[in-house]
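Labels run A, B, C, D and E following the written order; every chain starts at residue 1.
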Amino acid sequence: MTVNDLLNNMNVILPLAVLIAWSCMLLIVDLTIPKGHKGWTAVMAAIGLLLSLGISIARFGTATTGFSGMVISDGFSYFLNMLFLFSGLAAIALAYDYLKRMGIERGEYYVLLLFSICGMMLMSLANDLIVVFLALELLSIPLYVLAGFARPRLESEEASLKYFLMGAFAGGFVVFGIALIFGATGTTNLTNIFASIRSDTTNLPLLTLGAGLILVGFGFKVAAVPFHMWTPDVYQGSPSAVTAFMSVGAKAGGFAALLRIFVSAFPALSTDLTMIIWTISALTMFLGNVVAIAQSNIKRLLAYSSIAHAGYILMALVPYGNTAVNKDTISAALFYLVAYALTSFGAWAVVIALEKAEGKGLELNDYAGLARKYPLLAASMAVFMLSFIGVPPTIGFMGKFYLFRTVIEGGYLGLALIGVFTSLISAYYYLRIIVIMYMREGEPEARTEFWVQFTAAAMAILVIVLTLAAQPLLNLASKALMLTF
Amino acid sequence: MTVQLLLFLILALVAIASALGMLISRNAIYSALFLVVNFATVAVFFLLLDAPFIAVAQVSVYTGAIMVLFLFVIMLLGAERAGPIQAIQWQRPLAITLAIILLLEAGYIIYTHRSLGTVVDKQIPLGFGSPAQVGTALFSSYLLPFEITSVLLLVAMIGAIVLTKGEKK
Amino acid sequence: MGLSDALNAGRFFYLVPFVVFFPVIGLLINITFGKWFGEKIIGTVACLASGLAFVVAVLLGIALTGQPQGMSLPYLNWITIGSLQLDWAFRVDTLSVTMMLVVGGVGTLIHIYAVGYMHDDVRHNGDPGRFRRFFVYFNLFIAAMMILVSANNYMMLFIGWEGVGLCSYLLISFWYEKGKDGIGNALAGKKAFIVNRIGDFGFLIAAFLMFKYFQPLAPNGIFTFDFQTVANLAPQVAPSVIVAITLFMLLGVTGKSAQLPLYVWLPDAMAGPTPVSALIHAATMVTAGVYLITRSHALYSLVPVTQNWVAIVGGVTALFAATIAVAQFDIKKVLAYSTISQLGFMVAAVGMGAYVAGMFQLVTHAFFKALLFLSAGSVIQGVERGEHEVEHDPSLRKRMKHEQHFDPQDMRNMGGLRHKMKTTFWVYVIGALALGGIVPLAGFWSKDEILAEASTLNPVVYWLLLIAAFFTAFYMGRQVFMVFFGEARSEPAAHAKESKAIITIPLMILALLSLIGGFLNFPSFHTLTTWLDHTVLALASGEGEAVSFNFVVAIVSTVLAVGGIVLAWYLYMRRAGDMQKLPSNQRRDDPLRSIIGPVFTLLENKYWVDEFYGYVIVKPYQWLSAFLADKVDWVFWHDFFHDKILAGSFNWVTRTLSGPIDLGVIDGFANFLGDGFKELAAQLRKIQSGFVRNYALSIFLGVIFIIGYLIIRLR
Amino acid sequence: MLPVYYYVGLSVILFTIGALGVLIRRNAIVIFMSVELMLNAANLAFVAYARYWQSMNGQIFVFFIMTVAAAEVAIGLALIVTIFRTKASIDVDQISTLKG
Amino acid sequence: MNLVLHPLTLTVFLPLVGVLVILFLKPEWKNPIRWVALVASTATFAISVVMLTYFQVGNPDMQMEINVPWFQFADWTISYHLGVDGLSVLLVMLTTLLTPLSILSTWTAIEDRVKEFMIFFLLLEVGMVGVFVSLDLFLFYIFWEFSLVPMYFIIGMWGGPRRMYAALKFFLYTMAGSILMLLAILWLGINQGTFSVTELIDKGSIPASIQFWLFLAFAAAFAIKVPMWPLHSWLPDAHVEAPTAGSVILAGVLLKLGTYGFVRFNLSMFPNAAIKLAPWIAGLAVIGILYGAAVSYAQKDAKKLVAYSSVSHLGFVMLGLFALNAQGIEGGILQMINHGLSTGALFLLVGMIYERRHTREMDAFGGLWKIMPIYGALMLIVTLSSMGLPGLNGFVGEFTILLGAFGSSYISPWFAGLAAAGIILAAIYLLFMFQKLFLGPLDKEENKILKDINWREILTLVPLLIFIFWIGLYPKPFFTIMGPAVGKLVSIISTAAGAGIP
């Protein structure tokens, strides 16, 4: 590999390369920033993200492979890159004040955040199971640390440990699954796997089992039932700013892998796998939404909500083997991810605004009377809740609309019915939050820190505006195609 | 053939026994030591399977570095035995049952699909699995993963520091 | 062009909307400006409104003499939907104008009377402000009644039909805070409205049937409900349909004209001020049913089955009500049952096809029954004035029986009034004789014509009516004797005062009409017959109308009438006098009670029909609606089914699986989706034990299931 | 060479024992070691298949798995040490304050 | 007429201007906020009147259509597609009329969080009008669901003691129905390739067997909204707890969204299924009529009584619509208007007394007419209108409905016959209410000091009364407006019937 080759290959992953370089640099620069001024690290990190985001946007629409087919940068990966980078920005905005308030402000926070984003971006670029695996670890390891960032708070440490142990456990299944796939096809490259299935030299049962185990691993990452159980504990225990990032970034990363692997390598296995995904999706939607009803802690509630939403996105994956609709499968899932990301960040912003030190201010009852005292905050939260339910004119509705369309088009009306039914159940607990904010009296206390408020307001506006002017985002999602063969 | 089989069976027995030993030992140190035995056995398998570099790496990285680290931490914490509280008694029998089910499932699959695994021995290319080949692969087609690994280790380092660095109050 | 030309050319027909407009204008004036008017102006406006309507009616009548076939006058399109076209259209013909004349004429007289009557009444009842409201209602009634009689189609007629019902409701409950328990009047009004609604239900069904079966035959396929079209098309429609239509219409008639089985509202309707009873519940509104059947003669004549039913209903009602009237003590209740009975006569007549006889009775009855009611009003006010005087004279007051509230309408509290209220007495006697059917008063001729028809057409009805006629004479005699003769039976009666001229003059006019009204259709002249022939006989089969005066019938009925009066005299002059001599504990309030005892009680209690309806219809419905509302809708449907089962369909599952658990975490609000799902949620969240090994187990389970599933799939 | 399923069978057995370790042991370190055993089992399968397909890919993969495992161990042990400082225990059953 | 200054666009979105202005007002400036809301909604009414002048009577098709692509959804085009025809224009007018009146009625009744209230109220108007004029299924669905939200807040924030429960129930019930409709809409989009209502109707290419299921899915949404028996359970809760203005709009307009949906979608797009299911729907409608009437009679709370009466009245509407002939459908549509006017007025009236006495238990009243003569008179007129007295609006609607149902070739005349009995029952419960409130002696001390209604309150009622009389005496203009469109609908149905379904 000549230098020229190397440069060309680096060019393929330019946004990622830039971000990795920036992160390493930030690690060093951070040493020079005195304690108490770590805001500058945040700013720097944001600049890095923006830089990478700029490149991604500029590159959107191109499609090439690189590093001997290890990575593939296409519409799909750029779209997800943008989403990850955007999540990173939002996460920084949320963390900026939060870390100070909680007394855990350290420069490494931003560095780790950036590395985790690198992992996510790598995930979206991956075209080889090796890269997938590495990306998974690169994504996860910083998150394990971030989850425990509020140490020595026991909850934070517990969250971290649970996340770590479960992550490692699930990682074991992924690895074994990859082993089986390798055993079945003799390759770990997705393109080659696809080709080998075609050429009939494959041990299909083995491959299917391998795919099943991969599903377990990434099901864990996206928090699908029954691999979801870490989610509420980890979401609750982690610092809220981390949780916000985790609930969007990690999930999106998991879906990036699932979509990439299943759509580009395993369409032939869909007859066997569809039913499994169907069931997981249905269980996830149901369980997530039902158990959320019983929650009184807002973070746990949002955790279950995030589980439920994983179920919705999984719905899009169900008809992935149907060539007539798998284009929509990706677009719908991506669109929903965006919708979910916007809404979720907004909701977490409100949570963060109300959170007090030592984990106070997280009970639902602490939200009573919010509408009277902080009308804008409450209004934003109401918008997010409605978006989570899927009430127009919020982007959550658009996302569901697109999803259900894909599912019905794929011929899974039953699943769509479960989807709408569970979103009805979900209305119950989302509305409860609105009820508490608007219809109960109380004396809530919220921080009026700029970036948190800004995030909440901006997300609320985006949630509505991107519905009414949905065309650009829809276009983007529909152009987020995978380079297929 | 039979020699190979015999060797395999003996090694397999050792591997399984040591794994079970790790599972059953009350004392965490014993567990760690059983695991060392297990890893070493597996390294032998690697050698048998024409993967000398991996076998060496297994012994040095796993058996050597990682397991020592484990033992070190166990000693450091002095937490070789868990307390007597058993909160979820039902978990153990259920887990064992499930594990047996999993094994049965796996056994069934392997048994029914065994023909797919018996390909006639082909001539192994020269130097298969040698450090040279591994090195070449790592720096050509596997360049990116290799580099990512470095980042990963960096992150792990930072992480470990962040997690353990003392708080200045 | 002179007036007579205009009349002959039928130009005056175009005035017909004004029979409606004048009263409407009157009521609008009184609503809008009445606040600033005194009673005199309000009264004048109202009387003028009614009077002008009458003038228009007269003009129309005169015009009809020139063009007796009349005309229909479409005024405004009301509803047009596809094949349905309903117009505000007026009908000028001899029948409608007859009704207009009655309504306008009697109406105006009663208006005038009411100005005097209500002046005292509002003061007696303690709310002078309601004077205006009364006349607004009254004008509204005239308007509605005019709509009813001048309509050219069934649906416009129905507007008037329900409109008069509304006015009836409003006027019955005029003193809505009075009556039994303070709510009696309001309840009476409600009863009237609802019972009428039952009748209206019949009317509506008849209209629907008409539309369904007549519309396809209608010219251009557009059905207008107008009388002429219906009459023309009727022969082409299956007789069974006509039977259904006419029977449902009969249900409407029994409601409005207080026939069996829906007559129950009319006696209660006496709760309204007396002019109301006179105008609405005697002279005009209640005869609407008779008018309706006459209007629909083309239908009824086609189906003898229905005709028979109508006649039987009329005949039985006539007798039934007459018997009840015998045992009533309230001066107005007697007249009310008498009205029902007389309406029975009319219905029987039109049922037999004797439309002219029915209409004749309608007209004369309007005169004398209005007279009777108004006179009764005069009596009541006279007694009230007496009461007032007694109240203000301490010496007299002591002699008042104070055990119970004094009822100025109870005939047992009257007696000897002929000296106190001379004019009233004389006009009352004229009215009573007319009603009793004594030659040569109006009632005699009309009733005789009906009886004569019945004798040839329907013997059963004839006998029913004949016996009813006897009772009629008897109870009128009883009333006159109880009220005007003998000794005053209470202090107020002893101090009763005659009414003012504004009250007595209308009475005298009506008395005059009652005297001479019979000449409208005097045998061998048959003025009314000829007059109505233009409208009615032109289509009717013609049988019966030609029956001439029957001397035998006339003599029999006269003998019975006189007999009734004599019997009344015997009982209430002779026996009553004897009774006064008995010790008070043996004294009966009515001589007849001592003779027929239990039967009298039965009659006094009106055969307990109200109670019967109460137990069979009202109570069950109240129970049903309470049951539906409380048990079915709320407890079962709302709380149980919707809130528990439907929303929480998993309730049962979780309960059976885990037994009921108490969930302390969730507060009590919005428990509806809850219970079920919340319990499920609570169960499921228990899985989330916090033990990381459990979580691993869950993942492991997932793996095993996936592999298991794939094994099955891949086999 | 023996048929590859011999090795895969062994790998599965080891993997299951590893998984079982996670499920039934309460000592966080032992659980973590069990995870390592699972990874090791996967490695065995990889190498066996690499031999079977005569492809270096499998061996390279094992190399990466080992590296990752090392990274994980660094984080994992650091975490365990940290939590031990706070809680003075590494019994995972006692680390269960977050639940529901 | 361009996109923005198009009369329909203006009618739908003008209240948003009010919302924007109110957003910039301080919450303490209660009166200015009220005035802005009132002006905005009145202006909307004015605009809708202007819109009406553009409306060509006699044209059966969509008018003032505006059809601009909004966005592409994969291969679907979602359009900003608005239009009115005879079926919807009157309902738009009803909405724009009732909104300012409701706002006027809250002048003194709502003192808490006036700003939020007015914002939600104006947003509600946007949603409701939007539902009536949108001709794109997607757009329709957006407005449909959106109209839920402000109402949810209005009930939940300004309602009675159990308001949260009622609000939640209202939301969840209506949403439960509409999610099925969403699936049906998606199905249509997938299999018919368009969301344009007009196009779908004109094509008429939905197979009869599928129509059945689509019909049911749409009907689920609409039937809950109407609400048809037995899905009415949310209604009494919502009405009893909602503030007066909320009830007025809820009964006056929101319920009409359901019946309108039946006309616009179920009858027009799935005529075959409509014919097949007509007897079933009519049966439920009749049960609703009788059941609602019976249950009303047993109520002790005046508002609850009126709420249940809606079940009965809407039963008439449904019966009319599923008579599937001109009389029935026109009657049904007119009855929607009538119910909006009469029941809206009834809720206003009950609200007025509630504002004075803070109770609606009918036993707490009696003899009010004596001290509140104007109030009593107005109540009487409205009551009579509600029970269908000829000469007032209710009768015209009910009569034409029953006539249509009786003459319908799709449903048995027995339905109409039984429904006609509902007219008797209506008189019973309405007169009962009137009697309990106004008649009888004025024997409660706390009632003796009540003041008659003031000019503002009269002003809120007068427009309704004008229409009550107008429709009662001269309904022709209303029928003329809807006539051609209904004619077209009827011909669609009869074509479907003629095409022969088994």
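Simple rule for what comes next: a contact is a pair of C-beta atoms (placed from the backbone, for glycine too) under 8 Å apart; a residue touches a chain by one contact, two chains touch by 3 or more.
These numbers come from a predicted model, not from an experiment.
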{"item": "Shortest path length from subunit B to subunit C (each step joins two touching chains)", "value": "1"}
{"item": "Each chain counted as touching subunit D and subunit E at once", "value": "A, C"}
{"item": "Far-end chain from subunit C, centres as C-alpha averages", "value": "B"}
{"item": "Most distant chain from subunit E, judged by the mean position of its C-alpha atoms", "value": "B"}
{"item": "Centrality ranking, top chain (CA atoms only)", "value": "E"}
{"item": "Pair joined by the larger number of C-beta contacts - A-C, A-D", "value": "A-D"}
{"item": "CA centroid of subunit C to CA centroid of subunit D, Å", "value": "95"}
{"item": "Centre-of-Cα separation between subunit E and subunit B, whole angstrom", "value": "70"}
{"item": "Cα-centroid distance, subunit A relative to subunit B, in whole angstrom", "value": "31"}
{"item": "Chain centre separation in whole Å, for subunit E relative to subunit C (CA means)", "value": "35"}
{"item": "Two or more partner chains touched - positions in subunit B", "value": "87-88, 91, 95, 98, 102, 106, 109, 113, 142, 145, 149, 152, 155-156, 159, 163"}
{"item": "Subunit E: positions in contact with at least two other chains", "value": "164, 168, 172"}
{"item": "Multi-partner residues of subunit C (at least 2 other chains)", "value": "669-670, 673, 685, 688-694, 696-697, 700-701, 703, 707"}
{"item": "Inter-chain touch pairs (all)", "value": "A-B, A-C, A-D, A-E, B-C, B-D, C-D, C-E"}
{"item": "Residues of subunit C that touch subunit E when the two form their complex", "value": "76-84, 127, 129, 155, 158-159, 161-163, 166, 169, 173, 176-177, 182-183, 185-187, 189-190, 193-194, 197-198, 200-201, 204-205, 207-209, 211-212, 215, 621-622, 624-626, 628-630, 632-633, 637-638, 641-643, 647, 669-673"}
{"item": "Subunit D - residues contacting subunit A, complex", "value": "4, 8, 11, 15, 18-19, 22, 28, 31-32, 35, 38-39, 41-42, 45-46, 48-50, 52-53, 55, 57-58, 60-61, 64-65, 68, 71-72, 75-76, 79-80, 82-83, 85-87, 92, 95-100"}
{"item": "Subunit A - residues contacting subunit D, complex", "value": "129-130, 133-134, 137, 141, 144-145, 148, 151-152, 154-155, 157-162, 164-165, 168-169, 171-172, 175-176, 178-180, 182-183, 186-188, 232-233, 236-237, 294-295, 300"}
{"item": "Subunit E residues touching subunit C - in the complex, by the definition given at the top", "value": "164-165, 168-169, 172, 230, 233-234, 236-237, 291, 294-299, 308, 325-327, 330-331, 366-367, 369-370, 373, 384, 389-391, 395-396, 399-400, 402-404, 406-407, 413, 416-417, 420-421, 423-424, 427-429, 431-432, 435, 438-443, 473-476, 479-480, 483, 486-487, 490"}
{"item": "For the subunit C and subunit A complex, residues of the former touching the latter", "value": "663, 665-667, 669-670, 673-674, 677-678, 680-682, 684-685, 687-688, 690, 692, 694-696, 698-699, 701-703, 706-707, 709-710, 713-714"}
